[in-house]
Every structure is written in structure tokens, then in C-alpha cells.
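Please read through the structure below; I'll follow up with questions.
Each chain gets a letter, A, B, C and D, in the order it is written, and its residues are counted from 1.
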Amino acid sequence: MPKKVSKIRLIQAIIFSLWVTFKNLFRKPVTVQYPLEKRPIPDRWRAGTFALTTDKETGDENCIGCKLCERICPSDIIIVELEKHSGRGWAKTFILDLQACIQCELCVQVCPTDAIVMLRGLATPVANRQDYILDKEKLMENEKLFEAAWAAGLKLQKLHEPKQTEVKS
Amino acid sequence: MIYIQGLVQSAILLGAILGIVAYLTWLERKFSGRLQSRVGPYLVGRPHGWLQPIADGLKLISKEDITPSRADRLLFNLAPAWIVVVSLLGFAFLPLTANWVLVNMDLGLLYFTAIGSLLVIGVFAAGWASNNKYALLSSLRSAAQIVAYEVPLLLSLLVPAILAGSLDFKDIIEAQESYWFITFPVIGQISFLIFLLAALAESNKMPFDLSEAESELIAGFNIEYSGMKFAYFYLGEYAHLMAVSLLVSIVFFGGPLGPLLPGGLWIAIKTLAVFLGILWIRWSFLRIRIDQLMMLNWKILTPISFINLLLAGLWVSLNL
Amino acid sequence: MEGNVEERVIERDFGELALNMGPQHPSTHGVFRLKLHLRGETVVSVVPDIGYLHRGVEKLSETLDYDMLPPIYERDDYLSPTANSLAFVLAVEKLADKEPTKRANYLRVLTAELQRVSSHLVAIGTFGLDLGGSMGGGATLFLYCFRDREKVLDLMESLTGTRFHTNMNQIGGVRYDVYPNFDKDVLKLKDYLEKQVNEYRTVLETNPIFLERTRDVGIVTPELAKEVGASGPVLRATGVSYDIRKNKPYSSYEDFDFNLPVGTRGDVFDRYLVRIMEISESLSIVTQVIEGLPEGPINSRKPLKSALLLKPPKGAEAYAAVESPRGELGMYVLSDGSSKPYRLKIRSPSFSNIALIPEILPGHLIADAVAILGSLDPVFGDVDR
Amino acid sequence: MGTQPIDEDKKKPRLGLEELGDLIRVPGANIFLTSTKKIFSWAEKSSLWPLTFGLACCAIEMMATFASRFDLDRFGVITRASPRQADLIIIAGTVTVKMAERIRKLYVQMPSPKWVIAAGSCAISGDHYRHIYSVVPGVDWVIPVDVYVAGCPPTPEAFMDGIIKLQEIISSEATNPHFNVAAIKSVIQDAPNEKPKKKQEIPKTGDYISPDELTSHASDLKDSGFDYLTYITAVDYPDTLDVIYEVRSIEKNEDRSWKVSLDHSNPALPSISSIFKGANWHEREAYDLFGVKFTDHPDPRRILLPEDWSGHPLRKDYAMDTSRLPYRPVRKEYEAWKEMLKKG
């Protein structure tokens, strides 16, 4: 608890607060000049938009229409319709309504095939809110636009897998 | 003929001042930006946003002009004009070089402070006419504040006047040939400090910007003003600040006096330095409370400036 | 304008000026409305009005599964999101008798303490804004605090992917593990912040204007604070040394060694002091976490699948509280045996702290009222829920 | 109010230059006027002053965008606290019914031309709160929006993208296709009447006392050192309405909790706000959300919801009053939009 400040300390304090601001006058500003330069986006970025991935070798969609993401979404913005042919499930429709997304990444976490990922790129602002409804085509296109973030379903699930054997004896 | 000459001169002066004032707002934004380790205006007129004041001005012109339905229309529209006119009037008596002044007057210093104190009428009218409680509170605050701080302001300005033996700016400048009044031991510095504080209070700048206290009274007396009328307040505020800086540089820093460079340049440099100093103070301190403000004035500044004035008078009369 | 001049500005009730402050006001810290009655500039009486951000989270909880809920609560107290989800997760773990792993506990402490730092930096910054306006030194303090907060946010972003809505806590553990070199980043942050915090302390605690504005303003007595249920820095500033982290340790807080800054007079200055001292304490906890981070899994449950719904026993109820930057944040959960809570009550610290306002505001000037409100540091997502 | 969709376009023509162009019949006048218009729209986009106005989490991120690291001042964007001097209102956060009319008022107070950015999921659509009784599903039910910025909360970069997008809109002078509420009005339906669930027994635990003992119980506890009121809340059990109290002794580091069981038809019990001052607000909340009446309460008003609200939302049988708010079924809305797009 500070005592009553003496006169000399008072003047000191005034000079010190002027000094603190003065010091900053000659420091380089911390500003990142956004449209001109961009700050690095970390690997685990999940403030961006989404994409549906395709298999690198076969070119098939990864989504099997299992509806796990639809079930887990707290915001209830994912709509998946399942159709079955050629021995596996496919998403007939896949709609992700970015208007109400809370970017919790739960859909990514539960995905058993790494089909839905978050991207290291921002969703562009729109003048028409319907433009934020991402249907399957848009989500597939998104994959080419930005690179995917670190988190993917299988990776996260492996991280959460309780270790089989105790490490410590 | 003399009228036309005066008209032309004042038109030039007016244009120059308005241009300078517009760019002072830009300067403040850049300067405060650097103090706060950011960049300030940059993208409008790249680099460094030198078109920013022009954009602001043009935008304010094109905005809708709103008069609240229950406002006092006459006063509401008169107040911004009053503020601008009064703050520009001050420049008429301030010498800009050693021998160039629009109106030369024996009582220049007194007249300048008299004009300056008229500002309060505009502020009060604006606050009252807006029919808004925040504006009313703000205008009451600012009336109390400006009227109270006139006392130490004038008393501290009288010190240089006594030292120079005249109220004429020309004489004051001439008297500083040998030394600037700021360097006068004790008396000069005290009167400078008191003047600075009182001037900050009078022009509503931090730490005394109670009438515009954003966190308390939202925007103060100009809360209901939009578009160009608001721009007038902005303009008036900065013009007044510039006038005060100019006055300080003349009365305490020897105005146009200085080696090598021409007088006009010296006065510009000094004014700018004082202006930046005021900004530096502004962006470094918190606001004080209204009762503390009044306490500071009546219990500290006014007595000290009285004593200071007395000392100055004694010194001058003993030397004579 | 014709008409009675007095009638235009002055209310008819005995010369008092009724002033409406908010919900849009620069210094109400969100959407808060105060109906002030002024005599001159002195506040005679005050009627607070809340609920402008009432989003019905408690109702929403009854419609969602337990596993979907933690990210929802992070939007409540948006300055320290993990504290919210932590309280919920602890309550559900109590309810369903799940024990998180040790490493998960440490990581929960880590994010919670980092967010306490960032939250207190916002509190001090906006407090500066209240005292100094957006066109002066207050703005400078605000911007410095936000500049330093960005460093914390950058760390959170590299750890969890977003700047503050981390979604770190999950029932049974945490979502993310630390990345390599995380400890170096944390230590760098600690060194930087400690230097900055010391600088702010020297500037503010000797600054005559700051002292005049804050000392002996808005005094809360310990009795009043207890009766109203104030918690956090507001309670500790009155001299009551009570902190859930110390008194009822959760999430292995008992492993860490830290002090509780306690005030003496319960005024605005003490509340500021407790906050800024807690920043240093939190930084020390963070280093202790980094040093003692145990190996092991980060989650004790099987990986999240919507097929594996958590169903606590019927009729089980639990109350778990954490020390959020604003005070005791508790969650009361009642289960009806299904995968959704039957009833969820959020005991929010800001709600109780704000209830002090009608008690302490009268007698102060408007400028003090703003300072007092700032020193209570309410978050309206937390008040209104 | 929130329920009334905005059909009329709010924007006035800038400066009324179009009318002027018709009056002046000088060759080249129109070129002069278009270039003047261009200059003014450049000025407008270069000097956007937003209102100091934040609602929730997004406001914190907005503040961060104004702060040194991102510094919106570079765009010429500085905040004004008075709506009269603002050109732009950034809706950053959830819009509730209680707040909606204030937002409308603020918007009306701004001088035109004026712009609106809806930042964050809550402002765009109401987010996960959009079915909740007190939340407006998207601020465009209240005021017309120019730019939507997604995110929860949007990162500062997204905010700046939003500003840039708005600048593009201003300089292109495109009339923005505001969200057409009428188009989806057909799919807005009444909130589904929740079927009363089967009354299942939920076992109760804890100390129950009768309402008559309440005040004496509370004051006894207070005298014995339990002077800290933690919380008061209520639970709507299938058969009864229970009020839960919890107090604490800081010295002993102990909690005491007790419950009072009330009947659904007339839930009334004495107030303890004379014993614990803090009970005042907690009891008001219990009244507001559950309809528990506290007989000698000093200030028996609603606390969170507007005064004229009907019903007590946390009761299990509460049906949403759809005359106040539209209920938004996402899927149906989506289908309607799809059809609209198909039609062109």
C-alpha cells in the first residue's frame, strides 16, 4: 500500500510517465500493416473457413456421409444427406452454413475419414448473407484455395487415444 | 485601399491557418500513433496518409446535417460558427514574424486573452441548445472550468508583460532580444508552467478535458452535432490550440528571435514544438476529476501565480 | 424553442437530474444501463438495468449434449473463456465420476492462467480508458495493455488455433497438447510481460492523478462484499483472503505455489492493485506448470464420437466452481439420466459483483461512478448469460 | 421492433447530385458532377468513423483491431462515441430483443450516408442462440446490413477485410442487395410446440426445509458464520418447483446448501433479501426465469428480460412467443434460398 507520495516522487512520477510514452516514440510500431503485410498464421489455426478433402491418390471424396459432424455440431449448421453406391457411403448433399459457425472444430474432431478440415485462410466478407452458405461444390473448391490446418479428425483422435501401456513403471 | 489590403491579408492568413489546422489533426494522429507504438493514418494517401484530413473534411461536408427536433435552433446553429470565429480572431493580433502582424495593437496580449475567454459562450450555447443532458453537464463543467482558469492564465501572462513593460507583442518580442522569458530564473519557469496548465484547461485538453470527457459524457457539448457543424468544433478546437502554442512561443520563447534562420521559420518551429509538447502531455496523462480541477486552480495555481506576479513586479521595480 | 426552459432539462422530482447511462456508452463495459439521479454532479441514487445481452444459455444447455456444450460456454465470459468451460467440465466430471489425467489438469491450469493474464490486461486497459478517455493518456494505457495482450493471444493461437475462444477443455481432458518449443515461448512471454507490468506499476502507482482518482473511491467493506456474494479481486481487495484456487483446489492447483494479493481498504485502487499483482502470480504459476508438466495422455476418455454419449446417472447433481479472473464462476448441473443436462445454472461472478453498484455508487461524482464500474470489471456476457 | 422486417431502403442519395445534374443544362456539367461524386465517395470510404459500440465477444476482438497491433487508424477509421458523428456501426455481438430497439434507435440517430457491418456469427444469424427466446436471429431483422463478416469472433484480419469490402461497396456505389426478409418470411413458422415430455421421476437429494422455516434458517446460518451468499436458483422438476440456496462461511471454508420445494400452481415464498443483500438480484432472476414469487421482495421486477415479457422461459412448459421473434428453422430457410437462387 503506497504511502502519501512526497513532492519529489510526484515530480519523478510525472517525468516517468512522460518518459514511458516518449520511449515509444522512437520504438518501431508493433503494427502489422495488414493488407500490405500479413502476420504468420499458425499451424493450428481454426478461425478460417472449411473444406471437404479428396483422396490424393484416387481423387475420390473422403466424405462417407456418416453424419457424425451433423450430430455433434453445437450450432446445428451442417446438413448431410447420405447415399450409398460403389461399396461405400457418399454425401449426396453437404451444406455448411458459415453464418452461424462458432469454429469449435468439433466436426473436424469427430470425422473418421479426415474429410472435413479447417483452412488456414479467412472466409471473405460478403454483402449477401446467402453467400455464406457453403454447399458441397464450394467446399470442394475451397480445398484448392488454402492449405489445410494442422488439425484433422484422425490426428486429433489419435492425440486423445488413451495410451495403451503406462509409460512409467 | 487599406481595406482591400487588409481583406487580402486576412484571407491569406485565414486560408493558411485552416490548411495548417487541418494538417495539425493529421500530425496529432500520427504523433499519438507513434506514442502508442502504432502507425496512425497510412493507407489514405500512401504513405503516411497525407490525404487523411482532406478526406475527413470532404466527408464531413457531405454528411447529413441533423438538428434535433427539440433543440434551440438559433443557438444550436450559432454556436459552431461562434467557436470558429472566436478561435480564428485570436490570430489577428499575434505577430507571425518580427514585423508582420495583421492588426497591431498596443494592448495585444490583453485583447488576445479577452478573445480567448469568449470561447466559453460558444461552448455553453452548444451544450444548452442541444437539449441533451450530457451536453448540458458538459457545458456547465466547461463554463466553470474556463472561467476559473482565466484567472491564473491572465496572471501568469502578466509576468512577461511586466518584464517587458508592455502589453504589445512587438515590445514583448523586442524585450527578449537578450534572453527569452522562459530562461528567466524561477519567475519565468513558474509562470510558463502555470500558463501551460491553465491553457490546457482552457482549451479542454488532457488532463483537463472534462467537458469532452468521452468516458463520462460520451462526447460532451458536441454530442448532438453532426457533419459540418461538428467539423467547426473540431476546427475551432485545433485553431485555438494552435493560437495558444503560437502565444507561448512568442511570449516565452522569443517568437521570431533566433540565429541564422528567418524569423518566420523560427516562430513556426517553436510553435510546432510547443504544439507537440502539448500533445505529448495530452497523450501521457489521465483525466482529473472536476472537484480536483477546481481545487488545483483555486488552492494552488491562483495563489502561486499571484506570488509569482508579485515577485516579478518587485524585481522590475527594484531594478529600475 | 418555446416552453418552460427548466422543464426541458430538469426532472420534476425535486431538482434531481435523471441521467440515463447506457446501454450504448463508451464506459459501461458492454451493454449495461444505469439510471442515475444526480444532484449537481453527485450521484444520489442509481438503478442498474441488465439483461441487454441475455442469451438464454441456461435454456440452450437443456437442448444440447454434454460434449457439445463447452464451446458454448466459452462465449459467456468472453474475456476468460476457458474458465467457463473449465467450470462446466469439472461439474460434469463430478457428475459422471470421470477423472481427468494429470497432464490434462496441468494444461487446463496453463490456459486458465494465461487467460487470467490477458483478462486482467484488458481490465486494466479499459480501466485506463475510463479514467482517461479515448483521447488521452487513458487510450495510451489501453493500447499498451492491448499490445501486451496480443503476445498472450499469439501464444493461445499457436496452442489452440484461435485467439481466445480456445475450446481447450473437454470432458475428461483437454483437446490440444503443447507443441514443441512451447516452453521457450512461454518463458519469453513471461520475461516480456513482467518487465511491462513493472513499468505500468511504476507509472500508475506513483502518478498523482491516478492516485487521486482511485484512492478512497468506491469503498466496499468486507461485510457488504460477503453479503452480496462478491468474489475475485473485488472480494480480495476488501481484505478477505478467499480464492477458490487456494481454498478448494481444483484441477491440481494444490501443486503450485503462489501468493494471494489482498487489499486493505477495498477501494478502486486496491482492486486495481490486486489485479495487476495477480498478473505476476499467474505468470509464476504458468512457469511452474511448464516446469512440472507430467507426461501421459491428455484425455482419459475414448476419442470423442457422437455415438459415445455421456449419460450421467439420473438425479445426480453437482456444483463446481473455479476462480475466473472475475471471481467465483460456478456451474450447477442436474442430470435426468439423458445425454443432456436437465438444469444448468451458471453462478456468474460478474452478476454478483455488479449487484454492489446500487450500494456503493451514491455519493460519488459521475467521474467516480465510471471509475468504480471499471474497477468492478464486469463482463456482460457473464452477467446476463 | 425486431419482428418488423425492414423493407424500405434507408439510404438517402448523397448530396442530391442527381437532381442537380438534371437542373444544370451546361455541356460537361454531368462529367463534372460525376467526378465530384467520385471524390465524395472516395472521401466517404477513406474516413469511416464507427460508433464506439460493442455487444459481446466480437467487441473485444474489435477493440483489438483498433489497438496498436492492427490499428484501424491506418484506414482512417477512428471511433466516435456519439452516433451523430458516426458513419458506420459495427454490430459486434449477439442482438437480443431488449437491445434490438436500442440498436434501431442508434441507427436512426446516425446521419446518412451510413453503413452497417454485421461482424460475427451472432450478428449475422444469431449463431447457436438463434432459437433462444431472447435472441434476434440476425441483426438484419432490425437494421439493414451492408457487409457480413463471418467468424466467432472474426479475427482482426477478418475485421479489416470487412472494412475493405465496405470501402469497395462505397466506391462502386452499388446499391447493396439488403437481406430480403420477405423472401424467407414464408418459411418462418411458429416455434414447434414442444411435446410435453413423459413425466419421469427424478430422484431428489439435499436438505429440504419448509417455506415457513426459510427466513429463520437463513438468519441462523448467517449468525453462525455463514455470511457469504453464493447463489440462489430454481429447478423446474416435473412435479415441483424447487428453489436452491447456497451460503458459505469463508472463515470455516464450508458451504451449506438447502432447498425449498414449491408447488407449480402458486410458487411463493418469503424473500431473504433483508438478511442477505445479494439475494435481491438472485431472487429477481428466479422470478424472471422461473416465476417464483418472493412475497416481501423490495423490488419485485424482472431483471434480465424486458418488463413486458410474458412467461418464464426456464420453465419446462415455456412456449416461445413467436409474435415477438421469428423462429428460424435452418433447413427450411436453406431450401427456400436454394429455390430463390434457382429462380434467379
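FYI, a contact is a pair of C-beta atoms (placed from the backbone, for glycine too) under 8 Å apart; a residue touches a chain by one contact, two chains touch by 3 or more.
Keep in mind that what you see is a predicted model, and the values were worked out from it rather than measured.
Student: Give the chain pair that accounts for the most C-beta pairs in contact.
Tutor: Highest contact count among chain pairs: C-D.
Student: Return the distance between the CA-based centres of subunit B and subunit C, expressed in whole Å.
Tutor: The computed centroid separation for subunit B versus subunit C comes out at 42 Å.
Student: So the centre of each chain is just the mean of its C-alpha atoms; given that, what is the distance between subunit A and subunit C in Å?
Tutor: 25
Student: Need the CA-centroid distance for the pair subunit C / subunit D, whole Å please.
Tutor: So the centre of subunit C lies 20 Å away from the centre of subunit D.
Student: Which subunit C residues reach two or more other chains?
Tutor: Residues 25-26, 72, 75, 134, 137, 140, 143-144, 147, 150, 163, 165, 207.
Student: Residues touching two or more other chains, restricted to subunit B: which are they?
Tutor: Correct list: 33, 35-39, 42-43, 214, 218, 283-285.
Student: Among the residues of subunit A, pick out those that touch two or more other chains and give their numbers.
Tutor: 17, 20-21, 29-31, 33, 35, 47, 74, 102-103 - these are the residues of subunit A that touch more than one other chain.
Student: So with touch defined the way it is at the top, what topology do the chains form here? Options are line, ring, star, complete, other.
Tutor: complete
Student: What does subunit B use to touch subunit C in their complex?
Tutor: Listed in rising order, the residues of subunit B that touch subunit C are 32, 35-38, 70-73, 131, 133-134, 136-137, 141, 206-207, 209-210, 212-218, 282-292.
Student: Inside the complex, what are the residues of subunit D that reach subunit C?
Tutor: Within the complex, subunit D contacts subunit C at residues 51-57, 59-61, 63-64, 67-69, 79, 81, 83, 93-94, 96, 98-99, 102, 106, 128-129, 131-135, 152-153, 155, 200, 202-206, 227-231, 233, 235-236, 244, 246, 250, 253, 257, 276-278, 280-282, 285, 289, 302-306, 313-314.
Student: So in the complex, the part of subunit D that touches subunit A is made up of which residues?
Tutor: Interface residues on subunit D, with respect to subunit A: 68-71, 74, 121, 124-128, 130, 138, 140, 145-152, 154-158, 160-162, 164-165, 169, 176-177, 179, 330-331, 334, 337, 341.
Student: Where on subunit A is subunit C touching in the complex?
Tutor: Per the touch definition, subunit A meets subunit C at residues 1-2, 5, 9-10, 12-14, 16-17, 20-21, 30, 42-47, 68, 71-74, 102-106, 109-110, 118, 149-151, 156-163, 167-168.
Student: Okay, in this complex, where on subunit B does subunit D touch?
Tutor: Residues 29, 33, 36-44, 49, 51-52, 54-60, 62-66, 214, 218-219, 222-227, 230 of subunit B touch subunit D in their complex.
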